[in-house]
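There are structures below to look over.
Presented sequentially are two complexes of chain A, the first with chain B as partner and the second with chain C.
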Partner chain A sequence: MERIDILLSIVYLLLFPGFLFLFAFSLFTEYLDRKIYARIQRRVGPPFLQPFADLVKLSAKEDIVPEKAEHFMFTAAPLIGLAAIFAAFLYLPIVSTTGLHSFNGDLVVVLYLLTIPTLAMFLGGWYSGNVFGQKGGMRVASLLFSYEIPFFLALLTPALLQGSWKMADITRFEATHPLEFVVSLLGFFIGLIALQGKLERLPFDIPEAETEIVAGPLVEYSGRRLALFRLARDAEMVVGAGLIAVVFLAGPEPILPLEPVYLSWLVAALVFLLKTLFVIFLLILLKSAVARIRTDQMISFAYQWLIPLTLVQIFIAIIVRFFGGI
Partner chain B sequence: MGYVKLPIGPQHPALKEPENFTITLDGERVVNVDIRIGYIHRGIEKLMETRTYTQNLYLVERICGICSYAHVYNFTQNVEEILGLQIPKRAEYIRTLFLELERLHSHFLWLGVAGHEIGFDTLFMYTWQDREVVQDLLEMISGNRVNYAMNAIGGVRRDVSQEHRKKVLESMDYLEKRAEFYKNVAINEKTILARAENVGILKPQVALRLTAVGPTARASGISVDIRKDDPYASYLDTPFEVITTDTNDVLGRVVVRVLEIVESIKIIRYLMEHLPEGDILKKAPRKIPEGESISHTEAPRGEDIHYLHSNGTEKPDRYKVRTPTLANLPATAEMLKETYLADVPIIVAAIDPCMGCMDRVLLLKDGQEKPGELISGEQLRRYGIKWYAERGWNA
Partner chain C sequence: MFKSLVKWARIKSPWILHMNCGSCNGCDIEILAALIPRLDAERFGVLLKGTPRHADVLVCTGPVTTQMKERLKRVYDQMPEPKFVVVVGQCGSSGGIYKGSYAVEGGIDTVIPVNAYVPGCPPRPDAIADGIIKLLASIKKGGKQ
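On to the complex of A and B.
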């Protein structure tokens, strides 16, 4: 691991491509999400700064903790969710082949960290003391496995092909072996669909189905806590899409050896952003073309289609490796 | 968790108007549904007794925001019946045009609402944009988008010009294409099928027993359509078919409505091509002789019944309205049994409920329904004073 001096890592952590960047980029993707969704629906859509304005205004609103809610858990849930996502983001390789910190197994760590917001959502809903919140929390928990298993398995395919759990190795390998993308194409699409489920977006927005259980786990949230949850949701989209871009689309690679080194970082970050935005664009397209399905339909969809297909993908990966790899 | 009681309403995003569906859930399965109405009773029937017939034209139009014209049509038909007034043929055709334009915009609106209930907001936006075409036509002819104020007792207030006819016919071509498109979407889109097929089953015998009306009944294979069964306006002249399906589910209700859009377009084309010449309004007296009349029409949501009792003055003695939603509510309770929580919004939406139009007064005591009891205004005042005094809220 190369040595970075302290000042640089603070800049990395807080400014670029750390928290501030993630914050801005999350709001930007929310803008894109809403704008493209609106344009597809022949609406005008929000102005550029709308997500930011929403966040600021929401933060200034009255923040109520219901009497029946468990105060500590109710407050902790959005913080835990947001913290986990921000932590996961630091491991993504954005400006160079590695994130802030890279080791063998960092892919698994990111996958685990990305599960935490879901749990936070469940806890927040469960402890809100509202029957809609609890119903939503139950739905979050019962749907967890239907997308989590295919998501994990699909994202492990490139790792299998390459033989390493390190994201830096995976992106390097993909940059040098473009055929790898073709082999893991199925996994890419499974990952996308599972990510859509993970982000609780249409057609899988079952836990917060507006017309059924109002807002599900978020029903009692207001003000700052709701703003945090919404920010966490946006950031989760960025990190989830970024992870898919890294694992399947080689992330910031190919990295050009430019002078000065800042320029190469900038180009790498730009490449990463474009790939992430491409993934997000696919997610938006999917969202605008479907209706919401039911809990039972989602579970049977996951177990009848997604998981078997993921196993097929893994089988393909093993075969390819057995015959000497790509 | 055991059984959970989930209050859908009176305030809930799935309901556009406040009514209460208390749903007992076992996990995601619906075990029992209690429907309670009475949250938006507006007292229009009583109010009508205090106004003249001309004023009532505008009040009756405001019973419903969507099928406003069906109500005003019923009202004028009742009054004209008692007067024995035969309105000009051209006026009859224009009234029919409005009835059908209203059905068009109501069905487009419903399609969007149904899409929204199952989370398909893109469909919602698309249909509502197409609905604007109909709204523009209505505005072009009558000057208004919702409460058209077209009818007068004895005819209509505005004529349809040559340009209007041309514009209407042009718009019909566009809407026909769109209706075809929505039909394809409804029967091919996988997620819509998943949410609509075999959901909210209403068997024909049950539909008959529970007095289902309109598209809800027609989707259960029952061929009821007042336009055919008891033709009014100029429906006797116009060729059209009664659409039925035998799937008994929400998908059937979608298909019936989409195909009815196509039929309405056919009717409007016929009306515009065969519009007779002549007057549009006959003079009617202010005072209506004593008598009674009942009128029913096929509103977009189903059979709409109006009853009028006049006493020879300028004001009605008694007016009574039964809107289709009230007739469909018992069937809704039946449809909701043994379904999933996720299906509740779309099943309720599938009858195209208009709660404000149908609401009735319920007298409740300790949360229980109890037999009605008449009290005078003075008694009510005393009761109010007592009620506040008991709580120490005296001013």
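On to the complex of A and C.
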């Protein structure tokens, strides 16, 4: 029995819904992102295997570490970012009510792990020894404060409504109280916009701004390390969208008690996938509808609109809870 | 099998870097026109990159002026292997009407190795796209790895 358990957790970790699944789903997300973006611009768009081809090509290219770069940090930064994302993915409930491991406060752990890729990006840019890289790294770090606070606060609203920091409790509560989504609707959209900033996509792609600072923190990266950074970016999009789907849209719930148990896992994973794809679709629509804004515009937008609106959302949540909950 | 996978990936995802080595800007405008939504280079996996570190194909225009010679070499050296060079326009191919001038080297291939030429003054956007596709076809046939 125990041996089967160990085997199952290895399968969970490595194959489904672990690393291999996240890898494939990230590449698919990038394809979807570029394809829908192209279709909205009335283009044909890239073929299905394009992100995979990019990844293979970059991995097979020459690996350059610039003379001025700090060798250790330059190599470590993409690995740290990718590792943090993959670790965060394991906590998301996908096939059942819990992830690989569930405890009170796992929501905060995932939020924390999702901050690390941003810091890795900053470190990578800073130690690349290129002026554009350092400038991009500084932009990454300075914009962190504008979207991180609304993102945290918005994702904590459902936790406040339910009174638990555990993702399993939140999803179960949402599955039994559909009204909860209506109450936290504002938080859902704030979370989406903040996630867009976190992923450094339009209109918040200020750190990369290819018309101003070439490619930002990634200027000196080539070959394998660039491939890892790109993969980390795609995986971050999946995990971020998955987190929003779990916290606001009840993740894999409602879980049907099907026989055999594998069938119910499969259905739950399918429900999770559909919800995540819905969130990703909203992110793509947002990307194709807007143009890049300036740094000061982004910071004033975050502090004048996003954070006050988040506080309003938290106030609503507290009032609702005060009058006996949903 | 692994080698053929890498080769396939290389053909499917050529990222280009555009460099003006003293051209009159005619060819450069046509290169940008080759990337517009109407022709949609992304369906071949072509992306325009800003930094030589990300690029696979260097798209050059213009007769190499003496000033640009060192810069062109430097940008070429910054690109990671394997790298390819496509020359766009008459001046880049041979020096064009500037051939013999004291201020130009005359042709990109006098400075760096070139894989494909697209003649014309300036070439049409579809000719430029065709030049890049022909380069990819030559890689497929097994030219430079």
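Please note the rule applied: the second predicted complex is superposed on the first by the 322 of 326 C-alpha atoms of A that agree within 3 Å, B and C clash if a C-alpha of one lies under 4 Å from a C-alpha of the other, contacts with A are read in each partner's own complex, and residues count from 1 in each chain.
By our rule, contacts are C-beta pairs under 8 Å (C-beta built on N, C-alpha and C of every residue); 3 or more make two chains touch, one makes a residue touch a chain.
This structure is a prediction, so every number in the text was calculated from the model and none was measured.
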Next on the checklist: Which partner chains sit in contact with A:Leu49 here, chain B, chain C, both or neither? Use first/second/both/neither.
Outcome noted: second
Next on the checklist: Contact-wise, after the overlay, does A:Val214 reach chain B, chain C, both or neither (first, second, both, neither)?
Outcome noted: both
Checklist entry - Looking at the overlay, what does A:Arg292 touch: chain B (first), chain C (second), both, or neither? => result first
Next on the checklist: Is A:Leu179 touching anything from chain B or chain C once the two structures are fitted on A? First, second, both or neither.
Outcome noted: neither
Checklist entry - Looking at the overlay, what does A:Ile40 touch: chain B (first), chain C (second), both, or neither? => result first
Checklist entry - Does the superposition put A:Gly223 against chain B (first), chain C (second), both, or neither? => result second
Item to check | First (chain B), second (chain C), both or neither touched by A:Lys57 | outcome: second
Item to check | chain B/chain C common contact set on chain A | outcome: 41-43, 132, 210, 214
Checklist entry - Once bound in the complex, which stretches of chain A touch chain C? => result 34, 38, 41-47, 49-50, 52-57, 60-64, 132, 210, 214-215, 218-223, 226
Checklist entry - Taking the complex as given, what residues does chain A use to touch chain B? => result 40-43, 131-132, 134-135, 138, 202-203, 205-206, 209-214, 288-297
Item to check | For the chain C and chain A complex, residues of the former touching the latter | outcome: 5-6, 8-10, 12-13, 37, 40, 42-43, 45, 49-51, 53-54, 56, 78, 80-82
Item to check | Touching residues (chain side chain B, partner chain A) in the complex | outcome: 1, 4-7, 12-14, 25, 28, 115-123, 125-126, 129, 189-192, 194-195, 340-345
